[in-house]
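Read through the structures below before going on.
The two complexes that follow have chain A in common; it is paired with chain B in the first and with chain C in the second.
Now for the complex of A and B:
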């Protein structure tokens, strides 16, 4: 088969700004979709391929795997936030009726409450609980600092053994001096310190694994965002060949970034299973999920911004501080998005270790916290120079997609009727706010997909990574159905088995844009083989054959139905492998979005009710409009939760999380819902053969900031700390009353 | 030395209920078991002879079942661990999330807060029993059409709460729907779609489905 490169012309961009580009692609790549492509399946509203399994209870999550003779595994955990382990004795636990295996997790000391010290497996939950209670540990409790403010204090207990202080990072930036000087000569300078809270991922399906050995072969069911990552990490931890490990994840109940790795519990489940000679299931309970699976770090962001009289952004100094618990990495994405003069930014980052579970990537890591602070300083700057906050943003944002979104969003929310900050009166005051988001989300290698066409005309697409609930399975099927000219229900997608082709970890909103192009190429190559059979059979030129409306035929109609064509397959099936290649020249990097919020604040009680959110989102070429809208709704709702509800509360004296449950850790419910208007922008970015982009993360970035802006507008005073609970709203109102 | 870090568990409502359940079982419930057919499922062999194991029978999705349980077992763990009905999920273990919602004599309950022995002789409906002869219930169809789930983990509980609501009210207002579903958490944030699904299912039922 020819492998010459081909040149193709594409029309990229979106309705508001089109551009023509010419790119060179290899022969085995289909011509990328663009703004001129006429779709029959792509862009429709399709129920998900696995919807029926999920609404009937047939969908089996790791949580639901019950194997014959399976043992329950779990952990004995530290009751102390910091302590030395003088001695650990598991002999009594081993003698408990039903306890089949115990692994002491040797440690000199523990650094957070809930840190595991021993793992056990037992025949029943009750025997497991008895075994855990029988693990004897002699502790020497140490002083601890579980909250960032405690850990930053002079003379605070030091979390990590060989360090002088909990604080790392100088707090200085390279061009501090220049920025300070420029601030001194700015037209106006605004200062603010914004704070954000620690948020937990709170996956409904807790972290967990079922491990089963058959001889030397290990099968792992696990609730994960990275089947292939788990395979290599487990093989590595157990020092066995990767070829002996199969990782399965048919369904998983939420990850949001926290299920990116195997976790210590997966290898331990396998070890316990080996010791006991029986399969072992470990599922965390809710407390363990809150305290020992990661969290979004908090932040303290001290900002100084200079602006010109005509509303252009000037010198900007940001001092970022956050705690990763006992882990590493607590950055906030500040600044982002807007056109700050690059040489006039001074950003420093300081991390503060605390006696708390370590941070983990959480939906748009660093961005919601950075956005909250950044949009705060922008609103304050606009107010200081007497400019409308939307106009201020438009003046400082050059992204063409977002500029179109600002205009449309303003129209939809009625921005022109927005009152001046603080001019509302009475008990219930309304306000409007706006904020922006951006993301990468264009994906890349490595992802491979198999497309199989069977003799009876049925089709499979297969990839071994996971559908974390975002609908990747359905995305694969839609893309392949479009390419093969079939109705969606003819294509069955499979994911979640590492014996299928390799795929990415689900992070950075890259799964769909990595896998969709591979799925399309796989279908294209399989279809090309089928066309060759038809061409030979009918004596026509294969290059003239199209696959459309369930037929393989020429434009003039000479051809066969897809099913008749498949009868020509003599090899059992056609199987083709599509491979994701690097991104082509794109229309524009980044995935643009912005959100508008309307709130109503009850000034007697400090309660904030979000009335309406308009979410405008660049969504690439939209594969399935129904699930794209769901993604946006989900991002907005998690953003609202971040704005008003969620916060990990650590007790200063005990060092424990006080709300490691779903009663006091507030996930919003049905009654907290605003009206959400989702406006999707179809953007042909040309980055891959489908222009699919990921929108899981960008949609949760600006929500809290837009809500904060709306509260500011309603009250005329800024709430500078998340979550914006009634106490903080009333405190802010009180400062205004004090004559500010 | 007790070092398992579960201060809340020791004083949990269910801990209290477990104690109450044991005394309940010692009273009338055990007597009612005598007429049972042979058990269809059992607890682990190790527990067969434990003093607090009782035989229990109830109607599960229209079919009689008999199962041996410890008096402290919740309905949820009985369904999931011993009757292979894993639709209802254990999420908070505390009655705070609704993922384990099933119907007990037609009333939506958190099955993590119901002792199995309380169900003796009663009717339990779970997500697995909602479709009849392969035909989906209107709520299930509406959840598919409105994409009212993402990861799907809250879905079985959410659907059972919706079913219970629509059994009581043919055309609930949005306020009533929000009240009825206030105990069900969806972490993916599909409430908006769920509201639309309830509206759609109510219409479908009114249309004589």
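Now for the complex of A and C:
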């Protein structure tokens, strides 16, 4: 079929700033939605398609998969933070009643407490525990450094073999000298060192896999952010054809970045299943989840910032240090967002290896930690020149969306009533703070979606990647329903089976903006086929037919109901494949957000209560307002937990995590929740045919920083370290002599 | 977790008879099950109290309040007689954990629970409480540990009913293989220097069946105050239970008990003395609170507990005094 490109004019932007652009799109692409589009389903408040299944427990997570004859798999793990394995003997474990397979994981040494040394599968959990206990390892314990402070010390035990030191990176930046000189001639210079903690992903559904062989074919149920990634990684690890592997993930209980790959346990589950001739299930327990599935690196951020008398950002020096555990990569996004003069930034980065589980990407990697330090130095700078911190930000931020958000947020939180820092008195002191976030989340190839229209008028949209709880399934259905002019309940979405069309790994908030355009195109192409049947049947021009309100008809009303139209299908079903193409021209390169916080500090106890968060966020054109608000709420809650509660505590003596549970690793509950006001900005961002952007990550970025700013405002003193627990707040108050 | 017998006797007497060597009683199980999962206890059998009759009643008469050992914290928190006759106990029950836990956890279990010290709870640390020769908290991660009486072992006793019961001079009714005995709550706690392996003075096979609280004199008030890092489900950083009677406008018969700061709940005679005979206002409360924190021996990371405890004692005194003023008589 010959296709011609189309030129289309779009109105992009948002109420505060419209922009006309002309783009060229292929004939098989629908005209992208923009500010002029009238929606009937998109933008509504729709409960997620699987809401009932989830609240009734019908939804089956990997945790819920129990197959006949299934074995329980698990790991013998190191009790040492660093040790050589002199010898490992699994013969006693193999003799335990019920133990069906044992795989020693050949290693010369372990580098963190909890590192796996052998995998086992057994008929019951008790037999598995007995088997694990019977694995005999002769250890030669080595000195270790489980905390960043210990690993940075001179003469510290070196974590990685063949390295001189745990510290990598020079700590020097390219334009250090120039920045130092410019700092010297700045109107005011502020200095601060901010620290952030290691945060674990703390997925409610722990990591795990069920593996089942049928002949040469392998089926994997796994809690993952990347069904297709798991398929190729497992095939590769087992040296089998990818065509023999099916990966299933119908429902998924949280990943936050830690389930981006197959994990060592998935291939091991498959190998144990092969050895034992029975399906094997490995689900991590809470301790394993905390210690061996990744974490957000901590950070020490030493900053120096020069500002002009009129409040413009000047030279900025920042030295970043963080630990990725035994892994790699511990950067923080600092600076970002604000208009720092590009040539006057000196950013250096240092990584410190520690004897601890390796880091993994975590919800907006680098950003929450970068934000906490950056917004701290901004608040201190504003204070130093006697400027309101919001005014200071407005002066140094050129993003039109965020500038609108600042104004709206200030109105909602009552910023004009904000008192001077530290002017509150008495036991309970209130304060206001503000901070910003930025993110990309535009998505891109490869993502494909099948749209199937059946003769009875029912519709499916299918994609083989995963809905990690963010509601991507429902997003697909909303987009297809809009395109086909159907009510949402007529479209059934399916995800989580690699026998369906390819889709992305869920990272960078790109799943919805990658899949939604493919879903729309699939529905568009399937609808076009249906229109052709109707056109032929009624003798009208197919180009004149619209799909709206459950009908396929001309603007004048000549046409059929959708169901009658479907009866014309003679081939069993219409099936069309939509493919995500590269991004078109966009209004902005990413999404913008900011948050305002109100806190009340109990100065008797140093306790911070977050009263209110106003979260303002753009995510392109909002597909489903209810889910988008849920995403914002979730981001704010995780941000609040990061601000006040969560922290991995490593013991300096034996190198274990002391709080690898949900008792002492503190996750806030209902009584700790503030009022969260979510203000969504519809921005026709362009870029793809739906203007959808991701929203999973950006909303957890500014929360802790806004809370820190509010505490600063309430007390007149800055807490420079996360989490801002009572001990730190009391210490900060004591430095000010304002304890009473 | 090892396999175990499951026994569900119908009476307290049968329960005691069933609880032979290697077996242990189970009330709500909120602590016991976590201990078993961590491998810290491996009982050969659990004697469930779930079907034992008469253990779940709250009774009230001229002699005071009688709380069955299996009364849940939820029931305790909601009971109007408890709120009226032992306000510190009601405060304490209300503040514990989550609704989920309060619906399971029991009065007896709250007194018998083991410490939450993360070295004690971790399977790879053989601390002195587990037969080892060191307290890891001394050099280790000690933000949540003791600031008093902490030379040998640095646990803080986790019971929050304990201090409140002490403020009300509770008497425990204990049934054992040798019959029934009564024990003052003040005699119930065991310091690590006396016996490292336990925190309470129950002999093997003994079961708390009831906690009796004497009536409060007229013009008496009590209060329990606890500080938590988070408000949904958290352990106390510091706690204080206070009871006082007003003699004219002056405090008399004062009890000040400190929680979450020592291996056992601490009744503080010096602080009580500082308040006795004074009008319990902000100034007097603060003076008593300052006495209460004197001589603290904090570790590297828990100095903050001193200022926090001081404020906590002060606030508990002021609340108890306010209640005493409102009380009849």
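Operating definition for what follows: the second predicted complex is superposed on the first by the 735 of 740 C-alpha atoms of A that agree within 3 Å, B and C clash if a C-alpha of one lies under 4 Å from a C-alpha of the other, contacts with A are read in each partner's own complex, and residues count from 1 in each chain.
Simple rule for what comes next: a residue touches a chain if its C-beta (ideal position, glycine included) is under 8 Å from a C-beta of that chain, and two chains touch if they have at least 3 such contacts.
None of these values were measured; they are calculated from a predicted model.
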Practice task
Answer with first, second, both or neither: which of chain B and chain C does A:727 touch in the superposed model?
Solution key: second
Practice task
Could you say whether A:651 touches chain B, chain C, both of them, or neither, answering first, second, both or neither?
Solution key: second
Practice task
Check whether A:669 is in contact with chain B, with chain C, with both or with neither, and answer first, second, both or neither.
Solution key: both
Problem - Which partner, chain B or chain C, touches more chain A residues - result: B
Practice task
In the overlay, answer first, second, both or neither for which of chain B and chain C A:126 touches.
Solution key: both
Exercise for the section: Please work out whether A:97 is in contact with chain B alone, chain C alone, both, or neither, and reply first, second, both or neither. Expected result: first
Exercise for the section: Tell me which partner A:637 touches in the superposition: chain B (first), chain C (second), both or neither. Expected result: first
Practice task
Look at A:620 in the shared chain and tell me whether it touches chain B only, chain C only, both, or neither; answer first, second, both or neither.
Solution key: neither
Handout entry: Partner chain(s) touched by A:63 [first = chain B, second = chain C, both, neither]
Key = first
Practice task
Based on the superposed arrangement, let me know which partner A:606 touches: chain B (first), chain C (second), both, or neither?
Solution key: second
Problem - Common ground on chain A, meaning residues reached by chain C in one complex and by chain B in the other - result: 79, 113, 126, 129, 656, 663, 669-671
Practice task
Provide the residue numbers of chain A that touch chain C in the complex, in ascending order.
Solution key: 79, 113, 126, 129, 604-607, 644-645, 649-654, 656, 658-659, 663-664, 666, 668-672, 725-727, 730-731, 734, 739
Completion exercise
chain A contacts chain B in the complex at 47-48, 50-52, 54-61, 63-64, 66, 76-79, 97-98, 113-114, 117, 123-127, 129, 132-133, 135-139, 202-206, 251-254, 256, 283, 285-287, 468-471, 626-627, 629-631, 633-638, 641, 656, 661-663, 667, 669-671, 673, 676
Exercise for the section: Using the touch rule from the top, collect the residues of chain C that touch chain A in their complex. Expected result: 1-3, 98, 116, 118-119, 122, 124-125, 136, 139-141, 143-144, 227, 229-235, 237, 301-302, 304, 307-308, 311-312, 314-315
Problem - Residues of chain B defined as touching chain A within the complex - result: 1-6, 8, 43-44, 46-47, 70, 72, 77, 80-81, 84-94, 96-97, 99, 126-128, 130-131, 136, 140, 143-145, 147, 149-156, 159, 177-179, 181-195
